[in-house]
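There are structures below to look over.
Look for chain A in each of the two complexes below; its partner is chain B in the first and chain C in the second.
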Partner chain A sequence: MTEHQQTIKKAPKGRSLWQDGLRRLVRRKLAMVCLVVVVLYFLLAGFLYVAEFFDWQVGPIRWAEEVGESYQPPSSNSIFGTDIFGQSVLRKTLYGTKISITVALCASFISIAIGVPLGAIAGYFRGFVDEIIVWIYSTLSSIPYILLILAFAVVLRDKTLFGHKLAGITSVYLAIGLTSWVGICRLVRGEIIKHKEREYVLAARSYGCSTRRIIFQHLIPNVFHIVIIDFSLRFVAFIHAEVILSFLGLGEADRPSWGAMINDARIELSRGVWWQMVAATLAIFFISLALNIFGDALRDSLDPKLRVQ
Partner chain B sequence: MTAYIIRRLLYTIPIVFGVLLLTFVLFTLVGGDISLEIAGKNATPETIEEIREEYGFNKPLFLSWDSQFINHFKSALTFDFGRALDREPVLDKIKRGVGPSLALTVPMFFGVVIISVSLALVVAFVRGTVWDMLVVLICVAGMSIPYLSFILFGQYFLAYKWGLFPVFFSPDLAMASYVALPVLIGIVTGLGGNLRFYRTVMLDEMRNDYVRTAFAKGLNTRRVLFKHVLKNAMIPIITRVVLAIPFLFLGSLLLERFFGIPGLGYLMVEAIGSRDYFVINAMTYISAILFVIFNVITDICYALVDPRVSFD
Partner chain C sequence: MKFSSIVLTTMLLLAAGCDRKGGEGESDEIVLQHRLRAKVQSLDAANIGDTISHGVASEIFDCLYTYHYLKRPYLIVPQLAAQMPEVSEDGLTYTIRIKEGVRFADDECFAGGKGRELKASDFVFAWKRIADVKALSKNWWVFDDKIAGLDEFREYTQTSKKDEVDYSRPVEGLTAADDYTLVIKLKRAWPQILYVLTYLPTAPAAKEAVDYYGKDLINHPVGTGAFKLKIWHRGSYIEMVRNPNFREELYPSEGTEGDAEAGLLRDAGKRMPFVDRIVWRIVPEDQPRWLMFEQGDIDITSIPKDNYGQAIAMGRELTASMKERNIRLDAFKEPDTFYIGFNMEDPVLGVNKPLRLAISCAFDREKWIELFYNGRGDVAYGFIPPCMPGYDPNVKEGSRTEYNPEKAKRLLEQAREINGGELPEFKLTMQGTDTTYRQMGQFLSRSLQEIGLDVEMEYLDWPTYLEKLRTKGVQIYQSGWIADYPDVENFLQIFYSKRSPWPNSSNYSNPEYDGLVEQAALMEDSPQRTQLYRKAERIVMEDAPCAFMFHRIFYVMYHDWVGNFKPNAYRPDSFGYGLSKYYRVDVAKRAAYHKKYK
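Presenting the complex of A and B:
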């Protein structure tokens, strides 16, 4: 056998959807830069949790400390100056990352945990179950989103649930999570309806797989890339929602968050104190921009049918 | 056709029922008896009892003709929402706020739609060039800046520093003057997301076969874009526009708060601050009803305009 024949005999190795998408994604330089930015934000949030747990006295943990006089403008000493209490604005901004990332992550988990199973069940079983689930999400989606979140946040605030007081950010991410599953539920339902006629589902059924196994082991993994694409973009909306809720006084009260910083800045701006505002805006801007660009790239790589360009 | 409309209207009944159920669960079951909060710290038991009586907190939740559950439905279906915490009827408050809210949102909305659709056409014209990429980049960047920052910096620089607009609402100003800056800020913030959406719509349309045919016939780009593509792209544009109309009545929460415009958004912010469930409940219900009605109108318009939609 010649060398030539040997190479022909080798069957071309198949690539999974994820490998294929990942290969396309890595080729986009800008998307990779954005991914690095997003990862940095997450690492910072994670680091703050660890530091708080072990009580390490790093800068952002000591945000309450007075570092100088009140309203010091930015200098080489402190990049973003100080606020009314002489606290470092940079430390507050860094600490705010933890709050924002926590809220957006928890809200994402809640809405995926509700939306994906409900959408899958509705799409798989159809009939009566489907109608009930469609009814629930049509009801939720007929109320303007911002009103719905605010209504949930106002009502849940300071309530006791299972002996646990819903203070601060808990009510915020519950409100966002409980109201945001509609979009993902609708998407998953539509995709499952398309997928359940495919051969692999028929094959699974002929092996004698239980319905639960078909839905959770076969169907959901095959449509999960849609969930990831959707949430990479939705994450931005969650961060912005947290900022607005904190701004309206429904969020974290005792610890610094970006929304609360903007709320402080509302009064400070007229005195010419702009640094707190700029710091919060930049912090939100960079993670939003990175997530927006990365989310678009992810969608283009994983789902060529949805391609925007 | 009539049968279709009737069927479509019947579909709205479960939705309205669902919205009422949700607001009941939210404000009555979870929210609960807030008479202590209404009465304040130094209230006598009699005052609290009076408040309970007035708002019906002392009635049974279910299983009675005079239960809170039945009354919740009754008040919603007769549009009688009782009084807010400051003793003014909720409906009067809402009626008063509609005017200023619409004065703010209607020009903002049409500004955004007209500017972004025309820009989207231009972008479709230069698709694939550096300009196109630049516009997309600016859109994404604009979407990433928080709404609050747009408002605060706009108010600070344009109104406070440079004095181009009044900083705050005051009753003796002409409407056009106090609404101008919020409208401008609203248009700028709305442009990013909308332009990107309409650009996608246009470019999706460009990929169709009839566009290729039109080019093959030797038509120039301008003619293809304005004569063929725009007409076909109108369907998704109209859907988005019509479905956005009910939200105009809500006003703009943050813009109204910053500029002190006494509209529905301002009412909402006040209600959140004082935990006035009655106002929030009424606003939620009314906006849901509006949304449902406009949804039916859109569907009927679809059926009228697009012959491919059947009346089944």
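Presenting the complex of A and C:
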């Protein structure tokens, strides 16, 4: 081994975009606190799924139980008081986490599953394919978002898909997912257009890689940080969309959700029953705030252009 | 760009400054401020199917007869008719004299824009229009199979082209003997026709208006009532002004006991109406409506359930703050019955009486009334409401109405045996989608789950719900019936097999019951007829095609500047319905209130 070769071997190993981003993310204390909050929400939702599956009779699962008289104000017995049927508002709020996280997660996956491949194909092939895809998403985005979700939710309600009835939250996350892929599609398309002339893509092409391989194994992994950032920021919007749909009576009918709770509280406020509104709002507030701060930090950390510390 | 933005800003500022002066008129006009809970759909009297439009249009149109404003029990008195009808001995021919000199409101559809005199032929025309299939009247049911020759006329309209229906085609049972005499020949005796003649869709229609406005007639009502339409902003605002052509009609001089003490006879013998304008604000949400009432921008209102605590203290009295504002309260029992119906044609429910009884035992009606109506209701044991003549004081005996979950569970055991195994999941359809309906739905589904029944809730908007009932598409459904007139006969049809699926939406059929209904329908009011009604009620209670829930008690609040206010239980909600002409408004009192509280 020559001396020259030895020097090369000793050179420090470069960090990948991901390692670099992660290292910078961990340094942000506030973002880490927010991450913990988000993880807590996810853990709670996951725990409720497991508890329901194994039929563990924990508090939030027994949300339907009467714990006192109707409309009891917050007290040491029930932190957030009771609703019209004497059910614990705290339990309903905790249970609502499951609905909200499920809807936001499923809707995110649906919109990514549609938006990312479409964006990548449009950006890579350009020309006629690009025009069609751009036309589709421009048309979709020209319709006011909330009206579009509402229309989808109404159409999907009570339909069956593969023998599975689209009731309650299934139609909600399908409606949100099917209407909200435009943003991510646009971002991915733009990024792919930028990347497709880069050396690594040219190299892959010169090696004779198939188009599918270039798009899915070279291009998408290199633009995926955009998807993750978009996911974290859009997640909040999806939670809000679920709340709005439930508020408008298109969401979950039989189980508690934050939107439905706010809808109940709307008319109860005049009788001085504020606790249901406060509980649901706080739940939404904390996850929205945490996701927003974390999403921002994530973007700052993963964006190569912002590598100035 | 700069110029246009200045113009835009100025326009916006100007628009913001333009506030509709609804409450106080431009001059010394006396204005009555009504509120509506929903949009008005139509102001074509023949084509009105909802209570909101009905209430509003009744101020513009008059019918042959009406209810005496003050007398109770409810008494029918002539309105456009000169006197009560002459009825032939066989009860089949009604000869009605109509008042002379009554004129339609001025409208551009008439020659010279002057409203012409009302004639008997205007009734004939209006009723033929109801029968005309092409005119799509929602109210054909009032005359269905009742007047000789009118059903044949309806069949004829089915075969003719839309604009070619010949209204001069004679109908045997519907003729104008002269300009002021209307002769009605019935197919069979129908004593309830008098009630129908007070019903808005039977109001006379001017052919000139129908021809002139065509489809647009729903926006241009032309009637003989005390008021006429001035402004109609769909969805927000309606304004009516006094009809200068309104005939001389006097405030009643006699009332019921206590009316004189209540100051209801102060205007006896005076010419009506007492207000110059009526303003209707359309406020669908409970809270803004309540706040507007508190501010004095609405004169009369009902109490939203969530504001009940603010308005009514313990012992069903007004709270101190309401008393301080000189707000008045009136309460009366409504002639209605609410129930959970079962579709008797459903293969599981229809044949399984223990199942239906079990469901009936599952509901805690007292709690329901407390939670959703602040205790403003009575538990229903049968379908005849307690406020109606004919109510059976012993109805509780033999009633299936009780809250007994243990008994319900035992009944379910029997139900499972009859069903030959586990019971399937049931679908319960609610007639609304808003929060209160959802809460009601939760209450019902929880009650059923407690006795061990699986139930899926379905929340539908009103038109979809009606469509489902009419196509027999429901299984268990929430429903109710509000009497159209003070005769129990009106309730009998909701279980009469020939009226399935509407209004007999449980598709209940019992020949014995049907026989009683047919027998009673031909009878004048008598103790024998009341006995038949009660017998019919017992049959329904025994067969349990529905679980009777409750009868409402209506609380109405009004400001003290509204005089002559007496609610009418057959005019639901008490707003409009041709009653505004009786009200007097003390504008000075209202101004003082505005000054103090607004």
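As a working rule, the second predicted complex is superposed on the first by the 294 of 309 C-alpha atoms of A that agree within 3 Å, B and C clash if a C-alpha of one lies under 4 Å from a C-alpha of the other, contacts with A are read in each partner's own complex, and residues count from 1 in each chain.
The rule is simple: contacts are C-beta pairs under 8 Å (C-beta built on N, C-alpha and C of every residue); 3 or more make two chains touch, one makes a residue touch a chain.
Since we're looking at a predicted model, the values are computed, not measured.
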Next on the checklist: For A:Ile101, using the defined touch cut-off, is the partner it touches chain B, chain C, both, or neither? Pick first, second, both or neither.
Outcome noted: neither
Item to check | Partner chain(s) touched by A:Ile262 [first = chain B, second = chain C, both, neither] | outcome: first
Checklist entry - So, A:Ile84: does it touch chain B (first), chain C (second), both, or neither? => result second
Checklist entry - Touching A:Gly249 in the superposition: chain B (first), chain C (second), both, neither? => result both
Checklist outcome for this item: The answer to whether chain B or chain C touches more of chain A is B
Checklist entry - If you stack the two complexes on chain A, which partner ends up touching A:Ala120: first (chain B), second (chain C), both, or neither? => result neither
Checklist entry - In the superposed arrangement, which partner chain does A:Arg271 touch: chain B (first), chain C (second), both, or neither? => result second
Checklist entry - Of the partners chain B and chain C, which touch A:Ile184 in the superposed model: first, second, both, neither? => result neither
Checklist entry - Which parts of chain A are in contact with chain B and also with chain C? => result 249, 266, 269-270
Checklist entry - Okay, in this complex, where on chain A does chain B touch? => result 135-136, 138-140, 142-144, 146-148, 150-152, 154-156, 159, 236, 240, 243-244, 247-250, 258-259, 262, 265-266, 269-270, 274, 277, 280-281, 284-286, 288-289, 292-293, 296, 308-309
Checklist entry - Where on chain A does chain C make contact in their complex? => result 64, 70, 84-85, 249, 253-254, 260, 263-264, 266-272
Next on the checklist: For the complex, give me every residue of chain C touching chain A.
Outcome noted: 286-287, 290, 304, 306-310, 371, 433-436, 438-439, 441-443, 445-446, 457, 459
Checklist entry - What residues on chain B touch chain A, complex-wise? => result 14-15, 18-19, 21-23, 26-27, 30-31, 140-141, 143-149, 152-153, 156, 160, 200, 203, 246-247, 250, 253-254, 258, 268-269, 272-273, 275, 277, 280-281, 283-284, 287-288, 291-292, 295
